[in-house]
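Below, chain A partners chain B and then partners chain C, in two separate complexes.
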Partner chain A sequence: MNLPSETRTGLPAAGPGSAARTRSRAGRRRRRAGDRWFRWALLLPALVVLLVLTVWPVANLVRMAVSTIEFGREGAEFTFTPLRNLSRLAGDELFLTNLWTTALFVVVSVAIEMALGFLLALMVAGVPRAKGLVRTMMILPVLVPPVAIGSMWKLMYNYDFGILNQALGLIGLGPIGWLSEPSLALWSVVLVDVWHWTPFVFLILFAGVEGLPREVIEAARVDGATTAQIVRKIIVPLMAPAIAVAFIFRSILAFKVFDQIYLLTSGGPGTSTEVVSLRLYHVFFGQNELGYGALLSLVIIAAIVAFLVTTRGLVGRFAR
Partner chain B sequence: MTIRSFRQAFAAGLALAALVGAPALAEEAFLDVGKQEPITILINSSPWYLGFESVVDLYTEQTGNEVKIDATPYGGVLEKARNAVRTSQSPYDILNLDSGWTIEFYQSDVLRPLGEIVDGYEMPKEVFTCGGSYFWNAEKHFRTAEGGKLMAVPPNCNTHVLVYRKDLMEKPPATWDEVLSSCQKVQDKPKLYGFATRGERGNGIHYDFMPFLLSYGGSIVKDPEAGDYTVTINSPEALQALEQFIKIEHGCAPDNVAAMGQGDVIQLMSAGSAAMVETVIAAWPNYVDPTRSAVVDTVAAAPMPEGPSGRGVAIGNWHFAIPRNIPDERAKAAMAFIQWFLTEQAQTAYAEGGGIPVRADVLEKLSSQPKFAWMAAYKTNLEAGKQPLGFAEGAAVEQVIGLRLNQALVGEMSPAAALNTAAKEIEGIFKQSGRNTGMLDPLSE
Partner chain C sequence: MATVEIDALQKHYGRFHALKDIAFTVEDGEFVVLVGPSGCGKSTLLRTIAGLEEVSDGAIRIGGNDVTDLEPRDRDIAMVFQSYALYPHMSVRDNMAFSLNLRKTPQQDIDARVAEAARILGIEPLLERKPRALSGGQRQRVAMGRAIVRHPQVFLFDEPLSNLDAKLRVQMRAEIRALHQRLGATSIYVTHDQVEAMTMADRIVVLEAGRIVQAGSPLELYERPVNRFVAEFIGSPSINLVPATVDGRNLRLPAGAITLPANVSGGSVIAGVRPEDLRPAADGPIAGTVRLVEHLGAETYVLFGDEDRDLSLCWRVGGTPAVEAGDPIRLTTDPSRIHLFHPETGARL
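Coming up: the complex of A and B.
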């Protein structure tokens, strides 16, 4: 029912045109309110997914981190003991070693993978024929299941009959304990990671190289720029977004490395290859210390977030 | 002949026939368990698994009862078992648990005492109790037959044996010093290593170091059964044992010994590349299988070498346990299998199939046969067997010792520093559990 305009505004009616405007404003307000609800309703499924798959598990992790958890016939029993886990963390020198080993692993493996991936992308982009075939061949290591990679490299690294020591034997060297020498084991594992993940970096950067505007490069060449200058002044800046994406993806994945180290060395010898994920595994599944494991998980999550926040600025600047 | 005298003569004849025929019948007759529900067994695919599989086939054939086996690599068994007891109904009717894991399960009361399934059930007296790890005393929180309930039975009672090449040595070494001197005499590295045992971080080095530790009079904890959890791993005896262990490993084993696991050690002996190895008896089938071994005719087993305190043997046995969260019919079917499995006949068949029997009478009976000559060494070692980690924190303590020993072996720490660090960490674990604990004065580093 339409009310007279003065009853709604408190002002004398200004005529039929004014009443129509007022009605249309009210209609717009109603529509806006409706739109707002509709927008929230559309967001609802995403919010539910976020709550169920992210917020709730993290909240549960926090609850576990401040508890001692024991299993009985009635299921898990949580006892609120925040200081117990925190005091253990404060005295856990091994965890600091694990963080250091992880950082070393991430920095070295990602740096090598980025450099190699970039070079390979440039080289394959310059291949005149069968580029598709070469690209497919290049990415094969990414497709191999991690368990197969671990087994294959473990055999290659084998002290007695591994192909690497056999090859060294042919030239009168070795054998070398690739996985048993504390000073060498981490680098042996890094080599496997580089072999496994460089093709991933290559794939992303290759797409970037293929998308570069040819005319800019040709113009630079005509202007007398050297290859090094073209790469440094044109290709790298233009590919910065792709490089940033590859770098962030690889860094996160390298931080979480588990399977290949578990299969190759189980963290040994000593602590030389024990990265944080492996330590988590030992705490959760070997020692059955769920509360302390949860606390370590939170520390690792915080470390990854800190890393992302720090690198975001740097990468953003680089990408611009 | 009167009717009475005829009856007497007939009865005497029957008795005589029974006496004469009894052994033959006993050899043939297996336990009749009747028709049972199908069962599923979670078991590790360890070296003795094939022997177990053959005896399960025999059970199925004899009884018509269905048995499914989930043979899982060692690393996955614990999590599968944990998940099984934490669900509403376990998919497994028998869980095979390693010695170190059992306390977690006993303590959380997720297993059924066997006497609750079959009223008053007790293990046959011929079956080894393997250091008492099949019993749980809930009041003491300790695995002991004294006041403890029977929670599981042994599918094997694993101990170390010294495996050696009789073509290279006239007699096996009797002491650790003799191991060192014999190895130096026979070895020709890298073609032939004198001696090897596991050096890899974790359970491997921890378990294989135990014969050294125990034979030198060392221990991990003072008297856990009496509630005294004073940590003793950093005693002078333990230091001597560790120094001897490192000396032998560095002097006789391959250079990569710090990364060597059970498979590597077994392979070394099977390939004819080692004169002596210390492995569990369960690995024996690998050495005498012509398809896998180059030393079938020259390999022999001996009791573990002695140290200043005699022979030290750690038992690393397995446990068949029945989860609480299965229906009664399935629990009864699982018990039927267990009872059948522990009979003399089934254990003999188990040995024939490559398994490691757990009955003294079967070992006695078979050890005179050349192909079962290893049984004498196994029996001798079992007599000295101990359960060094018979407390609830066993798994965490093993992780600590397994890491620190490995660090000492690779030279990341001195032996004294490794033992001091381990002692401090183990004391921390016990403190967190509220135990009456402490540690010895640190060794001089």
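Coming up: the complex of A and C.
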């Protein structure tokens, strides 16, 4: 049923009130437009930073990836040759090996770090006293500079006088070429990465464990759950956000690993520990192939994104 | 269902003695409320019965079996927590079925038990929801449902209504009581709210500083509190306590004397009179000036005092009495309704 406008609005349909209403509507429109401009003005600094620090470098990387770059007297000269870099990539079997080595490194090291970090977080959370001190001691390896880590472990892995081979010698074993055996070098590097980065995972997961609601875990105990069932069915699902954060951070960092491997093996023996970052280094700075290096960088970014998208589903399913 | 026997229970946290020689028995099907002020040890006692806290000494027996050193899962108990402690990542149905799944109960039985509990508690439409999509009262019901489906020997409740608003608390109080009558389950219920204790309990155990002060039926505690602490704790508004002297049957109160029904050994005492036991009398032995009148509709609290003697008292009266702030007031009571306590030990005389 149509009601007269006076009844619906409480105001007469025409007359001086109508003009006032039109004026107030125009005023509201002006205020809204002003608000819109103000919002964009507030966003502007962030947009500028995003454009300058993210969009422009990636766009430049794409430009480099489809170009041949030569240095003349007037600086870098870009020649648009998209097929040249792509065809080289298609025939680059070494890069496939590098990708495989990187994938192995990421999967094994991140899996061990996540498992160890989680166990340590549970154990330290159960420490009755001096929890803060234990936590601080646990995270010390993260604070050590990578150069120091590389030097320290290189000494420990030394074939002739390294502490590991000395220890093996005491029980009549070894010596082992930790960094010189092609089949062993990658796992030696993984061990160093685990030592270095497990505390980082521990720190994130420890915060998660500390934030777990105590009564929920007690309810599970009363409901009849064993410790393993509580971990599997209660703690892990409740910690899924913290686990996801630790996993994503570590995966991205592991994909980009450079310093440790450069310092320990420089990618050797042969190419057994040459991960994609090292290959990029060689292409960019050894061979001066900036265009091809840029293309490899884009492939690595795509690989990281693909890895994270794939594993996010797996982590989610595991946490349920 | 089963009896619960607590025998000479002690609990220490380092040097702190949290539970001191606790001993009582909860009979099969009885609803016992542990009550006391914050920090008195009531929740600690409940948690030791649940197996969530280790005892320092003593024994706990459920259904005649010593469970003192058993894990919570081996005690055949169910517990409703103050925060409800629902599993936030599971649906209501999964929350309720969790314990049955752990025990590898056949799926048919699980479905039947969950459906039955949901029907009793009126939460059937909520079964597929996650706890975050429920109101406080609904979460409370789910927590109850999670306990019911287990068919445990003993139900433990740790202040389950303290997070609800006043109206819902009254409603849930009645529902828990009705559920207890329906299931006939042995129940131990912790609260600091004496109204909850009085309205729900078959028997109340009052704790103070880790020790049992008195155990008895709600009316027993109300009518014959063993000491000043229990007298003050049970009853709302709290009992009026007035310094007095007694000589044989003659009790001298601040504004007059009253004859007691029996002789009491002479000297200073604390006389306790419940606010609802006072009545106006022109020559009443309790006098003062009205400070505040609180109208509750069906009844009125008249707060009055005597500044000379630093007394602050309450008269609870039905309806609306014709008094207002500043009026002088004079009251008396039935001598048999007076409780006398030792001025130093607080023990009942």
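The rule is simple: the second predicted complex is superposed on the first by the 297 of 320 C-alpha atoms of A that agree within 3 Å, B and C clash if a C-alpha of one lies under 4 Å from a C-alpha of the other, contacts with A are read in each partner's own complex, and residues count from 1 in each chain.
The rule is short, and it goes like this: a residue touches a chain if its C-beta (ideal position, glycine included) is under 8 Å from a C-beta of that chain, and two chains touch if they have at least 3 such contacts.
A quick note: this is a predicted structure, and the numbers were derived from the prediction, not measured.
Visitor: Using the superposition on chain A, tell me whether chain B and chain C clash or fit.
Guide: After superposition on chain A, which the two structures share, chain B sits beside chain C with no clash.
Visitor: Determine, under the contact definition given at the top, whether A:R88 touches first (chain B), second (chain C), both, or neither.
Guide: The first partner, chain B, only.
Visitor: Just chain B (first), just chain C (second), both, or neither: which does A:Q229 touch?
Guide: It touches chain C, and chain B stays clear.
Visitor: Scan A:F71 for contacts with chain B and chain C and give back first, second, both or neither.
Guide: First partner only.
Visitor: Which partner, chain B or chain C, is in contact with more residues of chain A?
Guide: B
Visitor: Looking at the overlay, what does A:F80 touch: chain B (first), chain C (second), both, or neither?
Guide: neither
Visitor: Tell me the contact category for A:A219 with respect to chain B and chain C: first, second, both or neither.
Guide: second
Visitor: Rounded to whole Å, what minimum CA distance do you find between chain B and chain C in the overlaid structures?
Guide: Minimum C-alpha separation, chain B to chain C, in the superposed model is 51 Å.
Visitor: Give me the intersection of chain A's contacts with chain B and its contacts with chain C, in residue numbers.
Guide: none
Visitor: Quick one: in the complex, what on chain A touches chain C?
Guide: 213, 215-216, 218-226, 229, 233-234, 237-238, 240, 320
Visitor: Of all residues in chain A, which touch chain B in the complex?
Guide: Residue list for chain A touching chain B: 70-73, 75-76, 84, 88, 91, 94, 159-160, 175, 177, 179-182, 185, 265-272, 282, 285-289.
Visitor: Taking the complex as given, what residues does chain B use to touch chain A?
Guide: 78-79, 82, 85-86, 104, 108-110, 190, 200-202, 254-260, 268, 273, 324, 395-396, 399, 403, 406-407, 409-413, 428, 432
Visitor: With touch defined as at the start, can you tell me which chain C residues reach chain A in the complex?
Guide: Contacts found on chain C: 50-52, 71-73, 77-79, 81-83, 85-89, 98-99, 102-103, 146, 150.
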